[in-house]
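Please find one structure pasted underneath; my questions will follow.
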Amino acid sequence: MEYSSSELMTVNAARLLRDGDTVFVGVGLPNLACNLARHTHAPNLLMIYEAGVIGARPERLPLSIGDPTLVSGATAVCSMYDIFTLYLQRGNVDVGFLGGAQIDQFGNINATVIGDYQHPKVRLPGSGGSMEMAAWANRCYIITPHQTRRFPKKVDFRTSAGFLASRAERVSKGVRGGGPQAVVTDLGLMEPDENGELILTSLHPGISVDQARKNTGWELKVSPRCNVTEPPTASELQILRDELDPTGIYIKDGK
Amino acid sequence: MTKLTTLSKAIEVHVHDGDTIYAAGFTHLIPYAAGHEIIRQKRKDLILARATPDLIYDQMVAAGCAQKLIFSYIGNPGVGSLRIIRSEIESGHIEIEEYSHFSMISRLQAGASGLPFIPMNQTAAEDLEHANPQYKRIKDPYTGQEVVVVPALNPDVAIVHVQRADQNGNSQIWGILGEQKEAAFAADRVIITAEEIVDEDIIRSDPNRTLIPGFIVDAVCQVPYAAHPSYTQGYYDRDNAFYLEWDKISETKEGINNYLDEWVYGLPDRQAYWQKLGTEMHKRLKVKDRFSAPVNYGAY
Amino acid sequence: MTKLTTLSKAIEVHVHDGDTIYAAGFTHLIPYAAGHEIIRQKRKDLILARATPDLIYDQMVAAGCAQKLIFSYIGNPGVGSLRIIRSEIESGHIEIEEYSHFSMISRLQAGASGLPFIPMNQTAAEDLEHANPQYKRIKDPYTGQEVVVVPALNPDVAIVHVQRADQNGNSQIWGILGEQKEAAFAADRVIITAEEIVDEDIIRSDPNRTLIPGFIVDAVCQVPYAAHPSYTQGYYDRDNAFYLEWDKISETKEGINNYLDEWVYGLPDRQAYWQKLGTEMHKRLKVKDRFSAPVNYGAY
Amino acid sequence: MEYSSSELMTVNAARLLRDGDTVFVGVGLPNLACNLARHTHAPNLLMIYEAGVIGARPERLPLSIGDPTLVSGATAVCSMYDIFTLYLQRGNVDVGFLGGAQIDQFGNINATVIGDYQHPKVRLPGSGGSMEMAAWANRCYIITPHQTRRFPKKVDFRTSAGFLASRAERVSKGVRGGGPQAVVTDLGLMEPDENGELILTSLHPGISVDQARKNTGWELKVSPRCNVTEPPTASELQILRDELDPTGIYIKDGK
């Protein structure tokens, strides 16, 4: 079955989720990945939105992080201060999804600025909730297309922490979360090695190691156990296309 | 003591040039009508504080109201960037003070609580801490570990849109709560716009729903549809199309000026704005009812 | 995933000798049934934390369950002292750790927030600060002024009585809120007793009312009238007469033992307790309806 | 008209309240005083209860600080953390009513312990909310019968702060509230002088300076402007007896 790169990334992200996980989720592909997981192997996944919504049951595809469809029929709604303290800082979040303009060799993310902070070449939106999510969620996942400009060796600005310059450095900071566990791209998956460096651990069907290397801004190491991901199944694609995003707002092939 | 007034009077009396303004609401209940009225009254040198500036601050910056932004996420939610704010920052024309969402909200929580500062656990992402000297560190006296602190934010004015309020300003909100309560308690002056002004008895039938007590409110204004293109839970939907449209409008100075002329300067108030949106739009934003199960407080 | 169980099972599984327990509720929704079950199951060496120990901790101390009290006000509200706790303290038989209400609640707020401590402004009343070494001071890094801090309180178990919960533990409370939410989030394990177990749809019809999300709850038990002699807003009244009566009962060891034998050890559960109270009492505590005005969440 | 000492104290406390005041109030005489003020000169008095209730409209006389009659029909109910932070610490409370076993020469109050803290002769209930109320309410009032044991020169334990050892000392602590403004007893009123010392500023009708002095544990100074309080009016007593406490739970003569 044919599939787009958005579908490929969404399906692979969904498979990383475990039944019973509490996920701090934004709109777009992470939202689709969570809902796909709920429809397949993780029926007890609990979705928490940054806007303060717990256990949402949207009757339409949410188009903003504060879409009213997330609220109607949810189990709980709380203030922003509560969501960041009682849920995130307290350690009640298993999984966070992150994104950004740049992700570096150690999973640090830049969503703030290209160039110098005081004299930016490109000003990006900034942290939002990502600084704390990256620090305090037990596990973080990143979904992003695989392009050299998105994967520099070092980010211009650390908006949120991956492993800093090494796993040991993150541990020394005493933050509670485990840091980035995987980066899902349209070429494959990168995961941190024992030192916290992102290495290639899976390739999607038909993708070569060379393609991944060429699209990464550092000398990408390849795991000795690097394997090929299972292609999206017909059932996964059917759920995505027919139930979750029937008008193809997020999963149509684009970026 | 009624605090009912018109929005134009409320802005005239309570918002002054140079004030720090916090227009509250996280994606929900964003007080657009008040923002437009501030533009209309040509306030300037404002310090605009808001976790998510959204289109309303983009418009206020475009209209020349602001000298500085305090924020934690400057995007057009679900669309991309806020072009005007972005270009003003890139060209160095506006001062900024930047936080993460949590530190921004913590500043309000401290301000609302009468505390000088509030601690947060470390995040190991230290670049913003270095870029913004308002962030400081102190030692947890129990473990010797460092925590990050931010100072209280006490805006001159908080503007909060709510579903229903009584004439004394007692205000009830449901749906996404954001930081409305904290902004109101943190600010020196509070302006409420409400979809409905209801009888005090409605408010008193459900006191747990009251987030903002009237006695800290300075003005309460009945302004239906004040949140468009944002939304009011249970009253009307979010106008997602306008969030896309603004991305086009704000591409050129001409587009922006035309928009402001047509939709802000050219209109007397929100009622005219809503009428101008037209019946097609009214129909599109209409929402079907879905009521809460009542609770019994008991007659004691 | 249903978390429904019986109260006796919930206490058996989740409350262990030596645990720190926080039975939440400020005058309202005090979880008496759970307290009695703990007595019945003869737990000992508990550290009992509660802003206001109320009669339930007086009874638990009398029954020999406690090694230590953490509190901020030890009175029989509206009556006088808690005789048993008072005499245990005066005779040095129980360890205490004492706070003001605000510092007690701040400890829970820190615990619920995952913070190591929380600051409070100075009160100039320093004797308690000197008597309790858990109080510390740090400098506000912005002004150099000192603030008072208390460390997080993270009980092993929080026990919270609520008006309604679904079988997953999603719990809604109205009326006086006290510190139920904070206690639940601060604790490692959470036991909910509920007047009613309702369908999930009732909870989902009003998500802003949900104070405790089910996923942090370990056990949810349907226990009507669990708060007597305290009350549940909208369900039954406070039994003020019993608060006076306890003052007499607790005058003598014999009175206390008779009470425990008759009303705790001698009964299997809360249902039997409520029946034993009798129809006259049921009538006296009955409350007439007074419903909240519903709100519209909208069907999106 | 005859009146009890409770009625006398309640009426005089009510007169200290101003229209528009926001009052942090407990049950008993302070509750009656506030309601009397609302029925007479201060219709816009706003009553806030420690339990988190704002703008209560009790349909019966509340018998505990968390009486459900305070909630039904109130304008707002919030958590304890909110009431102490947003209301009290933030400076939204004009008036607090305080009580205690001992009140000393500088208005410091002991509600904790008689004797040594570690080895108490009498263990009292402790602070509750009074430590913060005494510090942060703009004005505090104390209602208590006038007896030597209640008015020692120095309290055994400072549960809440009056002026410490002098007005200057309180100011040096930087607490926001103005401290105790008056002590209403069954003999008269004491108010702090420029140094923060409680001095006799009014006597109730028929009471002598000597009586007040004999019942005070320090050498009670008398203000040069010491006057005689207006006796409770028929209207005040009628409101108290017929409307506010018809069964005489708090205002019957007792203590």
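When the chains are written out, they are named A, B, C and D in that same order, and each has its own residue count from 1.
In this text, a residue touches a chain if its C-beta (ideal position, glycine included) is under 8 Å from a C-beta of that chain, and two chains touch if they have at least 3 such contacts.
Keep in mind that what you see is a predicted model, and the values were worked out from it rather than measured.
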| item | value |
| --- | --- |
| More contacts between chains, C-D or B-D | C-D |
| Inter-centroid spacing, chain C versus chain B (mean Cα positions, whole Å) | 37 |
| Centroid distance [mean C-alpha coordinates] between chain D and chain B, Å | 40 |
| Whole-Å gap between the CA centroids of chain A and chain D | 58 |
| Distance between chain centroids, defined by C-alpha means - chain C, chain D (Å) | 28 |
| Of all residues in chain C, the ones touching two or more other chains | 114-115, 120-121, 145, 174-175, 177, 181, 205, 208, 233, 237, 287, 290, 297-300 |
| In chain D, residues with contacts to at least two other chains | 53, 67-68, 71-73, 77, 89, 136, 176 |
| Chain-level touch network, classified as line, ring, star, complete or other | other |
| Interchain contacts (touch definition) - all pairs | A-B, A-C, B-C, B-D, C-D |
| Footprint of chain A on chain B - complex, ascending | 26-28, 51-52, 71-75, 77-78, 81, 86, 89-90, 92, 98-102, 105-106, 108-109, 120-128, 131, 145, 174-179, 181-182, 231, 233, 237-238, 240, 243, 287, 290 |
| Footprint of chain B on chain D - complex, ascending | 22, 44, 46, 53-55, 57-60, 67-69, 71-77, 85-86, 89-92, 136, 176 |
| Partner chain C, residues of chain D touching it in the complex | 27, 50-53, 63-68, 70-73, 77-81, 84, 88-89, 108, 112, 117-132, 134-136, 157-161, 164, 170, 173-176 |
| Contact set on chain B toward chain D in their complex | 1, 112-115, 168, 170, 181, 185, 200, 203-205, 207-208, 210-211, 213-216, 297-300 |
| Parts of chain C lying in touch with chain B, wherever the complex brings them together | 114-121, 136-143, 145, 147, 149, 151, 163, 172, 174-175, 177, 202, 205-206, 208-209, 233-235, 237, 287-300 |
